[in-house]
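In this document, chain identifiers A, B and C correspond to the written order of the chains, with residue numbering beginning at 1 in each.
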Amino acid sequence: MKELDHALKLQAYVDGELPDREARAMAESLKRDERQQALHDGLRSIKALLRDNELELPVPETREFYWSQIQRGIAAEPVQRASGAGLLSGWLRWLVPVGATALLCVYWLWPTAGRSGSASGLLVGHEIETPLAETTSFAFRSESAAMTVVWVETRGLHNLASGE
Amino acid sequence: MSTLIRPTFWAWVLLGLGWAGFDPVQAQEGEVDLLAQLVWATDGAKPTGKDLKEVDAATRDKLRGVFRWKGYFEIARKEFKVAATGMARVRMSSKCEIEVEQLGKETFEVKLFGEGKMVVKKRQTLQSGELLVLAGDDKNDTAWFVVIRLHKP
Amino acid sequence: MSAKLDYAAADDRVLVQVAQRGDVAAFEELVARHRDKVYSRAFSMLRHEQEALDVSQEAWIKAWQRLGQFQQESSFTTWVTRIVINLCLDQLRRRKRGQAESVEELEEESGGVERYLPVVVGNPSEGLERSELRKRIDEALGRLSVEHRTALVLLEFEELEYKEIAERMKCSLGTVMSRIFYARRKLAALLRDMKREDYQ
């Protein structure tokens, strides 16, 4: 049993699960014990073998057919926008209107909060304001292009480029 | 007298070092040079009768990396400076203006005006090589882009 | 949305952001990009083609429903494979409920015959193409017990820590460690046997 415990500890060392101090002690003891060193090498090689060699199987269906089944599922089930709304019960039901009122108070009393029309929530911390009622916007970032895009959707705002 | 102890040698060295450390983007304390381009994107051919040129290859490739329009034409190209905690308003076309304010190091607030009304305001950090693109649909499945970046004149 | 994004060229982060706004086409691109990975992970655990297909599709539906909660703190693939892993674990639990305990399972915690096997792999990749080696490893994984295989897949493919594996498999840390140990021993023995067969 003691031998198994030691083997499991050695395995934890190989898997990077030992605290630093114990890992250092294990590294030292390995230098002195050939049998343990052999077990260590075996564990390490099987670990490396698995890590680099996961089989990637192609889905045995066409892209269109596979997607069509997902699409049906998406259409059938509602999107969970807020977590836990369906689980509210008892006193928690009271918390919603009270919390909402509190939030509204903060919204109106805070000098700058919530004055941004239909600001996009996609890029948190990158404030966007679209003050016109008929305008919405959303932002996204492409790391590969090192580019932040704010896409503005508005009725009547055309010909900005041509100036016609 | 050896070369190393000649005063003129050291004067040249200091001048060289000073020159190497000179950053045209930061010409004055906190002042930055920016470039804004107004770009029109289309899948169609280049419109006749208009003096349009294709946008530079670097900008086109960046836009093509994200969007699917085939052609990107430069309508206007404006180089301008914004002082530290200062602001600049730049006319991109008769209908489109931008206002760029420097809020702090590398942080800007950009406002886009269409026909005099503020359409969108965005706060953004901009570092060398980074692009801020304000964009939207135009008529007939075309689009406009205002591309803003730090610039070394 | 009419931003006419080039979905094929856009990186995952952009697609996620756009899909979070309800753009199904952006989500479809994500599915197309990562469907093999998600299906493979399901197959690694379930070893059943139809079940793996069903579970992988269910994972994508769940991913769409929960996309609003994904804050992009990890990569999209990590996030979506976590969903499929959880569904596989549920599926394995359902399967187990329907089966009587086998001798193999009774020997599970003690390691059975693997207990006496050395962890000596030799070099199973010697003389093998990478794709052949991968097939061989997959075949060996398929011959492990469900518990051994699951522990190993969660550790090596999903890169979970022992503690996380224990939580997901609803067992103790010690059980996870011994399952992994015996799984490795058996896997080493299977690979060694396969290699031996090559020479015969």
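Following the convention adopted for this analysis, a contact is a pair of C-beta atoms (placed from the backbone, for glycine too) under 8 Å apart; a residue touches a chain by one contact, two chains touch by 3 or more.
For clarity, every value in this text was computed on a predicted model and none was experimentally measured.
In terms of Cα centroid distance from the overall Cα mean, chain A ranks first. In terms of C-beta pairs in contact, A-C outnumbers the other of B-C and A-C.
In terms of the distance between Cα centroids, subunit B is separated most widely from C. With centres defined as mean CA coordinates, subunit B is found 33 Å away from subunit A.
Per-chain Cα centroids separate subunit B from subunit C by 47 Å.
Our note on geometry: subunit A versus subunit C, Cα centroid distance of 18 Å, whole angstroms. Under the contact definition stated at the top, the residues of subunit B that touch 2 or more other chains are 65-66, 135, 137. Along subunit C, residues 2-3, 10, 14 each make contact with two or more other chains. Residues of subunit A in contact with at least two other chains: 142, 144, 149, 151, 153. Residues 64-69, 135, 137, 141, 143 of subunit B touch subunit C in their complex. Against subunit B, the residues of subunit A that register as touching in their complex are 126-132, 135, 137, 139, 142, 144-154, 157-163.
Residues of subunit B that touch subunit A in their complex: 38-40, 50, 62, 65-66, 75, 92-96, 112, 114-115, 117-124, 129-139, 142, 144.
Taken together, the subunit C residues at the contact with subunit B in this complex read 2-6, 9-10, 14.
Note for the complex: subunit C touches subunit A at residues 1-3, 10-11, 13-14, 17-18, 20-21, 24, 28, 31-32, 35-37, 39-40, 43-44, 49, 53, 56-58, 60-61, 64-69, 118-121, 124-125, 130, 133-135, 137-138, 152, 155-157, 161-162, 174, 177-178, 180-181, 184, 187-188, 191.
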